[in-house]
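There are two complexes below, and they share chain A, which is joined by chain B in the first and by chain C in the second.
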Partner chain A sequence: MTDDARKFTSISRRAIVAGAGASLAAPFSFNIARAQQGNIKVGFPVPLTGPYGAEAQDQVRAAQVAIAEFNETGGLKGRMAELLVRDDKLNPGEAATRALELVEGDKVDFVVGSLSAAVQLAVNNVTKARKVLYNSISQSDTINEAKDFSPYTFHEALNPHMTAGAVGRYAFQKFGKKVVFLTADYAYGYEMVNGFQAAGKAFGIETLADIRHPLGATDFSALLPRIQALKPDILIISNFGRDQQIALKQATDFGMKKQMKIVAPILLYTGRLAAGAQAFDGVVGGTSYYWGMEKTTPSAKVFNDRFRKMHDGKVPSDYGSLAYAGVKTFLMAARAAGSTASEAVIPAMEALKYDYYKGPEYYRKCDHQSVQSVFIIESKNAPANDPDVFNIVATDEPNEANLRTCQELGHT
Partner chain B sequence: MTLERTTGRPARSSAAFREAGALGWARRHRAALAAAVILVFPLIAPFKALAVLILVYGLYALGFNLLFGYLGVLSFGHSALFGAGAYLCGIAFVHFGAPWWAAIIVGAVSGMIVAAIIGALAIRTRGIYFAMVTLALSQCVYYLFYEAVGWTGGENGLRGVDVKTIDLFGLHLDFVDPLTRYYVLAAFVIASLFVLSRILASPFGAVIEAVRENEARARASGYNVPLVRFVAFVLSGGFCGLAGALLALHLSIVPIETLHYDTSGLVVMMSLLGGMGTFFGPFIGAAIFLMLENLVSLWTVHWQLIVGAAFVICVLFFPRGLWGTLLERLEK
Partner chain C sequence: MNGLSLDLLGLQLFTGVALGALYILMAVGLSLIFGMLTVVNFAHGAFYMLGAYVGLWLMMHGANFWIALVVAPLAVAGVGLAVERVLIRPLYGRGIDYPLLLTFGLSYIIVELVRVAFGNTGYPVDTPEALQGAVDIGVGYFPLYRLFVIAATAVILAALWFFLEKTSFGLIIRAGARDPQIVRVLGVDVSRVWLIVFGLGTGIAALAGLLSAPLQGVIPEMGGPILAEAFVVVVVGGMGSLAGAAVAGLLVGIVVSMTSLFAPEMSRVAIFALMAIVLLIRPQGFFGRAGLMS
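And now, the complex of A and B:
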């Protein structure tokens, strides 16, 4: 009797565990089943948690705008688009797993996303093997190269060569030829320095020093006097996020802005808002988009207004806007092709000449790099909480000559 | 202090395997039962990619547990073994055009080689010192691979470990298909389970546990304790290297994060969550950890909050880990 009772309880315990497992899995299998009814699915892995979480959430907001616009205008023959947001945790392994789940489990039509060079290469490696279209929305030079490229790979973001080139051409001509680099010691920093060096050749710049600092540095005070002693015309600070904010703040405190011009390849809108006007005052850098250009660019005005309407009056950030364009190009190309099949959408993407938010753009055929303008911006002394923090001082118009050639990248 | 006594219960000698009842039967056939679980697992897993990931990290945790649970030595450098296995498998495949099975062997062997190097340097230290030395050496391995950009892709990671099809005994398998990929990789994991079970059931397995329970007594009984520790570390490296190699084939990339100390911490967490010193506990720990993290993050951005709370609950109510506590209850 007691034996039987024990057996019974042990079975029911197992049943409970199994039941719990099944109920845990149930909502997800439901999701998968529902998703096969013909919606156009756009997988969207971005680092919602981690140091770039704020940027990633802005990317999601912008992507939602693209999805909403597409659905309001009738979708693709009545097929509506949906966005499947996943957290890649800024980790390439996680991102590859998310991409596998999106492609194999959710059977997405397109993948758009990423906010790091390594992550986009990981996602790209997964999608290209499965012939799924991927549009990367963060900077990388490597993804353009023949080794990583595939016909299924698109790159809506700028790459370091374009960005540093545009900023370099502006700065070397205006501020002088003697240059010191202060560079974060990882791929992003190196690629930016290479971009500046390539652009600087035409101007005959003289590199006085290339000083490397470890990623996540909190103190630059040991390096700054050395830079002051070199007396350069320009100090180029190639780092990102918090590193950039701290470096600029300390350079300001050292009074370096009076001795030289400080230039950064990318000035982040969110970074400038976080660090405040003083640290960034007078610093010149590049960006793919600044919302303030709506005064002169009609498509920017349309996009910003739509974004404000959907998201409580907020304005889109630079990286956010890339997500908008990255999602929208796929959807519009699918509409033009009348299909979401990769083989049909690729030629439609290659044929696209679009102006969705920043002026004219198109994808170069050999590496699917978006040929687009780069804006040179200067931080201005705006009061706190004022979203208008940059002046656009120059525009590097879309031009394939500013990209590395297809031969250089290894495309035949 | 040393960690040898953390489990605080008598060594499960081979006599324990002869105990009567269902539990004894299950214990005698632990590898076969674990294999059965692995075979049916994809049927209940929400995503096949997640299921494969659980396989890989499960094997990684099993390999780690050989050292942590059975030998009673805490290593904080296992990412070096796991990552080296992944990278060298990938390098063999990408740069030397090795067939997939040879690349897997390379991965497992390189896990053992790296373990032998680290082990030779670290094995005589004890407790927290062993943890620190292995952590430091694994960081050396990390920078070695990070700097060798031509071979490893450096920061960007190694790409192109693309196994598309597998031809085996006249069978033509599509490795891109998630279920096929699962079962091909599962074959390696199941084989490892049997090997591991055999090792633990062997006289050497008994010696490992004897060293954990009382090192002085083991030495007095004539066992060469440093050698036992060294061999256990190298064997552990083999399993972890194999797990790394399977990860490389599964993801088709090797991210530099596999060598990061986070990956070392992760496996400690998984082993503790499932139950260190139990045969299948670490695997369960890996499964629960990854399921929680992946499924909750699908549902909310604030997944860390929920996963964190779940851990606190596990620590409070399942002090021997989920599987370990369950086994303990069943034993009563």
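And now, the complex of A and C:
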């Protein structure tokens, strides 16, 4: 068990005990009465402070777009939506506490948010115990599995199996079969490597080494000479945020791009802007969304324009857009159901066939995973301050065959 | 392990030396300040970060990397002088934990001020054009900029050694560290010596921060991890010893590098394992004098 996971179980257990006490104190019928009148409240815990602050702020901006659109089109029989933003500080304990306050104190109708595997599981533990709908907007394989899933759990984000699978299928046939993994030593990294390995079986890939680095490393130079000596076709770097930026920068400094293709499961739009063109130049990775697809996808154009209008001409990021879809699906399902009651919204969510910003999507019934496209992007040498930083080089169309099966996940 | 060769070991050793260079620069300041002032300077990481940010600010306003490399350490040394004069001086003679807590709090304030001024997210710093790319060092290709960091560290260490061992001011510093009371009796203004040592230490930390910027970018929290590693170097090398900081810095760099080759997950733990072993065998560190803490 990782450190994160251990922290998460001990804290969520405490949170559940606290929550159990609180729900005993509040009369149940009162909860129901409150929930069906007044504004529709969407609780939104995201890590505004901490290393993913830039992503979280963009998630707030995109969620505001979804709320504004819903309210302008009449809300739900005159009921307007409002967004309750909370800072989870990228900490599972903090997130569980904030989620509990949102559910018990603010009596939110829906919870959308989080930006880390451990944090989303902590939030999910709080919401599913109280039968409140939660849509997670960050990557996780675990949340699909039967032991963490509940009927109240939805997952709008991609999962590592889909993302690494799509990137792997593209990279292995194009760049070669000899692979070295450089992986952050925690759940995100392991899940990504599993995804690449699963996709790689069909191509007969050869893993020369799987090198783990501690989370939050600031220097990768000691790991690089060995990778150069192994002479792989592909170096797959599975880490996130600042770790990714530093690893790519130092690999570039060591001249490794001349010897091998560097691939990452996810290339972040904000991360690429923060690190500059030099480090990311030529790196291939996956994403759930890139704003540049507006040239070919009408719904992306509509969403981007609306976002630009509300936020001084900015374009939405990948994780921001997930927040837009995560909030919008609940609101649209509630409108279709004519109610915000969880039991009414769940079938409406399961029936949604939506194209809000990236082409067609729907939630698979067994695990409520959003079945959607994955885009393969390559970073280009764009000048500073140019927002057009990626080329979309391939698209993995929405296909349940690219997900783990319901049986594999333990759903019956 | 596949892919293992003598060339790889050589290159790995060299990587360790380059890593050690930054540890050394951080540790000498920390060690000097502790050795002379008996101040455990927890703000040392914040000064490291401040050096990087002042350099960044200069480069944003048209200065090139080389000008920033000279000006930023001087500016941060100035801040260090002010901190010693105004905040730390009133605490002398009150026990080691007073300045420790003060600098600990100060580090939070500096980091927060930088967050307010520059934001949370950090900035990339491109490698100066003349030092981009990798060169063949006989056992393999090695980034030119890292070679420069090693060279810069060697120059600073040589200058520092000359200053401490060969100048009359250095003699006063060494005497002040051994017995401040006698030095005072001899008519030397010890407080002025301490002021300059603190300024010098923070200036070198700032230089290390700016040197690290093209390797890893800058971020307000960048001083945290390196401070912990620098403390290890100081403890292993011996509090207050310049030679100790240099030898231990290299050793820690090489230990990190070699563990990274064979068991990368253990690389961070290895530093502390090394410290534990040294403390068991030689509690005062390689070159430290026993009883300095008491």
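Here is the rule we go by: the second predicted complex is superposed on the first by the 375 of 412 C-alpha atoms of A that agree within 3 Å, B and C clash if a C-alpha of one lies under 4 Å from a C-alpha of the other, contacts with A are read in each partner's own complex, and residues count from 1 in each chain.
Just so we're on the same page, a contact is a pair of C-beta atoms (placed from the backbone, for glycine too) under 8 Å apart; a residue touches a chain by one contact, two chains touch by 3 or more.
Not measured: the values here are computed from a predicted model.
> What is the contact status of A:Pro214 with respect to chain B (first) and chain C (second): first, second, both, or neither?
Second partner only.
> By the touch definition at the top of the document, which applies to A:Ala222: first (chain B), second (chain C), both, or neither?
second
> Contact-wise, after the overlay, does A:Ala54 reach chain B, chain C, both or neither (first, second, both, neither)?
The second partner, chain C, only.
> Check whether A:Tyr186 is in contact with chain B, with chain C, with both or with neither, and answer first, second, both or neither.
first
> Going by the contact rule set out at the top, does A:Gln173 touch chain B (first), chain C (second), both, or neither?
neither
> Quick check for you: in the superposed arrangement, does A:Thr405 touch first (chain B), second (chain C), both or neither?
neither
> Under the stated touch criterion, which partner chain does A:Gln245 make contact with: chain B (first), chain C (second), both, or neither?
Touch status of A:Gln245: second partner only.
> When the two structures are overlaid on chain A, which partner does A:Ala118 contact: first (chain B), second (chain C), both, or neither?
The first partner, chain B, only.
> Which holds for A:Gly93: it touches chain B only (first), chain C only (second), both, or neither?
In the superposition, A:Gly93 contacts chain B only.
> Pick out the shared contact residues on chain A: the ones touching chain B in one complex and chain C in the other.
49
> Of all residues in chain B, which touch chain A in the complex?
The contact residues of chain B facing chain A are 44-50, 53, 153-157, 159-160, 162, 164, 176, 178, 247, 251-253, 255-258, 291, 294-295, 297-298, 301, 303-304, 330.
> Please output the residues of chain C touching chain A within their complex, sorted ascending.
Where chain C meets chain A, its residues are 2-5, 7-8, 11-12, 15-16, 18-19, 120-124, 126-127, 132-134, 140-143, 145-146, 215-217, 219, 222, 225-226, 256-257, 260-261, 264-265, 267-268.
> Quick check on the complex: what are the chain A residues that touch chain C?
Result: residues 49, 53-54, 185, 208-209, 211-214, 216, 218-219, 221-226, 228-230, 242, 245-246, 249-250, 253-255, 270, 274-276, 278-279 of chain A touch chain C.
> Looking at the complex, which residues from chain A come into contact with chain B?
10, 21-22, 24-25, 28-29, 32, 48-49, 57, 86-87, 89, 91-93, 96-97, 100-101, 104-105, 117-118, 121-122, 124-126, 129-130, 140, 142, 147-148, 186-187
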